[in-house]
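Both complexes shown next keep subunit A, but they swap its partner, so subunit B is in the first and subunit C is in the second.
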Partner chain A sequence: MARSHVYTDYHPRWLRRNLSTYWWLEKRAYLAFILREGSCMFVAWFVAYLLLLVRAVTIGPGSYAQFLEWSAAPWVLAVNIVAFVFIVYHAVTFFVAAPQAMVVHIRRKRVPSYLVLAGHYVAWAIASVFVSWLLLGA
Partner chain B sequence: MASHIRLQVARYRPEQDSEITFDEHEVPCPKDWVVLDGLNHIKDRIDGTLSYRWSCRMGICGSCGMSVNGEPKLTCATFLADYAPGPLRVEPLRNFPVIRDLIVDVGDFMRKLARVKPWIVRQAEKPLAEGEYLQTPEELEEYKQYSMCINCMLCYAACPIYGLDPKFIGPAAIALAQRYNLDNRDEGAAARMAVLSEHEGIWGCTFVGECTKVCPKHVDPAGAIQRYKLTAAVESMKSFFMPRGA
Partner chain C sequence: MIKRHPEPLLWMLFSAGGVISGMLMPILVLLFGIAFPLAWLTPPSHEQMLAVLGNPLTRLALLALCVLSLFHWAHRFRHTLYDGLQIKHLNEVIALVSYGIAVVGSVAAAYLMWQVP
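On to the complex of A and B.
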């Protein structure tokens, strides 16, 4: 070898492999993760959609009727159906992950993870019942 | 039950190769043989130049971690019969530089591990005459899970974040930092926070969760990282609203 051998942290003869750009397609779990992260965009869409609805209601009945007409357009309907599926996926995967992050103690005893998970679903159910009552019952 | 299994073993000889190649061998497959037994059979009977690390053969030393059919596994705890008749592909752990054949360099982890001070830090040691630092079973339970880590590096191999950003401190180092943070005898949490709350510390993790799935000791590094995110966020808020301390 022409050059003298110098020790470095990254030895030139060691094989350094780069992760493929499509690493997230290599495993089902990686794909599920990417979809979970991507679902945030649909959360943002629903926030924007809600703000547009509030704005239409604030302006007046004409504007609200126009908003409803726009919402009934096939492409808006399609986007909202896809967004809803992703929102449910977002919520479910978030709930599944929650017990790992939340360590709850009651009287110095750790609450089992299934109870933390159940707590999330109960809170979700209560919130859904309240919103349904607000929209349909009140 | 198949009497033999085909093993495709990755080879990298730095003096002659620039990429990984595969050698294929037929090895016996009795029901009690693990992948490591298969590799030992190749080394003893077929090709003595094959290089790999191993020591205890019972899931304690953490040195025989390899990629088995693309999954990070301890080869001493992965049975050949589960993959019969093969082919079974054995490769070096992902996300680490390969030194030779199935041997990877874990120096990067060792340097990161030292940064999180994985030992009990005391501001002042109490005199020996005062006896041991006693601990209740509940206090032990708080960190015991994280103390089971054997530094096998399967979690780093499963973590795409570490693969994309080698500066990320990584799952095992953070779990081991938590092992000491949650130990009531330790007083080094503040010193560790400086390292853990860096961008390449806990905030680098996006909770893929694969580190926990592949951990052979059920350490749950992903849980440790998410728990610490909460701790760091609370501490950050405290220092913002109460700059002079509570």
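On to the complex of A and C.
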């Protein structure tokens, strides 16, 4: 009987297109993707900003006043305005993706994705109102 | 013995960081980054800030926000360099530096929260 299969050492090359480093400038959807990923830089910036604020409050009233003054410097304000746009973009895109990542079941029935999304938005609104109340009210 | 991979944990931290930063950061940037500096609203007094931060629950929430957000950043930063800029040969170095910064930042955050009177 003839052997039907002859195995050789031949390894085919992977079919891969050479991608430009700037492939994400080619389409709007790609750019949106890279901007969404880039939002993490502003998340990190704001962690640093928040920690500087906590540190200033810990040191004392003078230091806190100095922090508030520094926060009004044009470049800090500019960074924070850009950061706000990116962080809101991050929040919206993250919550929109949540129904795909979270499959919630209640009594063995899947919760529809629009409810999972709505839940995130409601929680976002409650969190924002609560933080505002904590800092501005009382 | 089962070899445990850190990847699922890192994805979980990324995810948790994405949710908590999405929930809390927009309002915090709006207030402390824009509204107070532009004098749209009066910033809380120092005593008020101490009262808010004096509550251990506030500090715990802020610590969670900082730590998870830092790991969120590290994970996304690492993957963006990999996929976006296609820096694949430095994968290990980039991962080490990103998560390293997240760990150092987390320790700093814990220390600063601990220091609040």
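Brief remarks on what is shown
What we mean here is this: the second predicted complex is superposed on the first by the 122 of 138 C-alpha atoms of A that agree within 3 Å, B and C clash if a C-alpha of one lies under 4 Å from a C-alpha of the other, contacts with A are read in each partner's own complex, and residues count from 1 in each chain.
By our rule, contacts are C-beta pairs under 8 Å (C-beta built on N, C-alpha and C of every residue); 3 or more make two chains touch, one makes a residue touch a chain.
Just so it is clear, the model here is predicted, and its values are computed rather than measured.
Shared-chain residue A:55: touches subunit C; no touch with subunit B. Counting the residues of subunit A that each partner touches, subunit B and subunit C differ, and the larger count belongs to C.
Of the two partner chains, subunit C is the only one touched by A:131; subunit B is not. Touch criterion met: A:24 reaches subunit B and subunit C at once.
In the superposed pair of complexes, A:101 makes contact with subunit B and with subunit C alike. After overlaying the two complexes on the shared chain, residue contacts for A:16 are found with subunit B alone; subunit C is out of touch. In the superposed pair of complexes, A:37 makes contact with subunit B and with subunit C alike. Residue contacts after overlaying the shared chain place A:88 against subunit C, while subunit B stays out of touching range. When both complexes are aligned on chain A by C-alpha atoms, subunit A residues 19, 24, 37, 101 touch subunit B in the first and subunit C in the second.
The residues of subunit A lying in touch with subunit B in their complex are 9-11, 13-17, 19, 23-24, 26-27, 29-30, 33, 37, 97, 100-103, 108, 110. Interface residues of subunit A facing subunit C in the complex, by the touch rule stated above, are 19, 21, 24, 34, 37-38, 40-41, 43-44, 46-51, 53-55, 57-58, 60-61, 64-65, 68, 71-72, 76-77, 80-81, 83-84, 87-88, 90-91, 94-95, 98, 101, 120, 123-124, 127-128, 131-132, 134-136. Taken in their complex, subunit C has these residues touching subunit A: 15, 17-19, 21-34, 36-38, 41, 43-44, 46, 48-50, 52-53, 58, 62, 65-66, 69-70, 72-73, 76-77, 79-80, 84-86, 105, 108-109, 112-113, 115-117. For subunit B in complex with subunit A, the residues that touch the partner chain are 12, 14-15, 17-20, 70, 94-95, 97-99, 105, 107, 138, 141, 160, 163-164, 206-210, 212-213, 220, 222-223, 226-227, 229-230.
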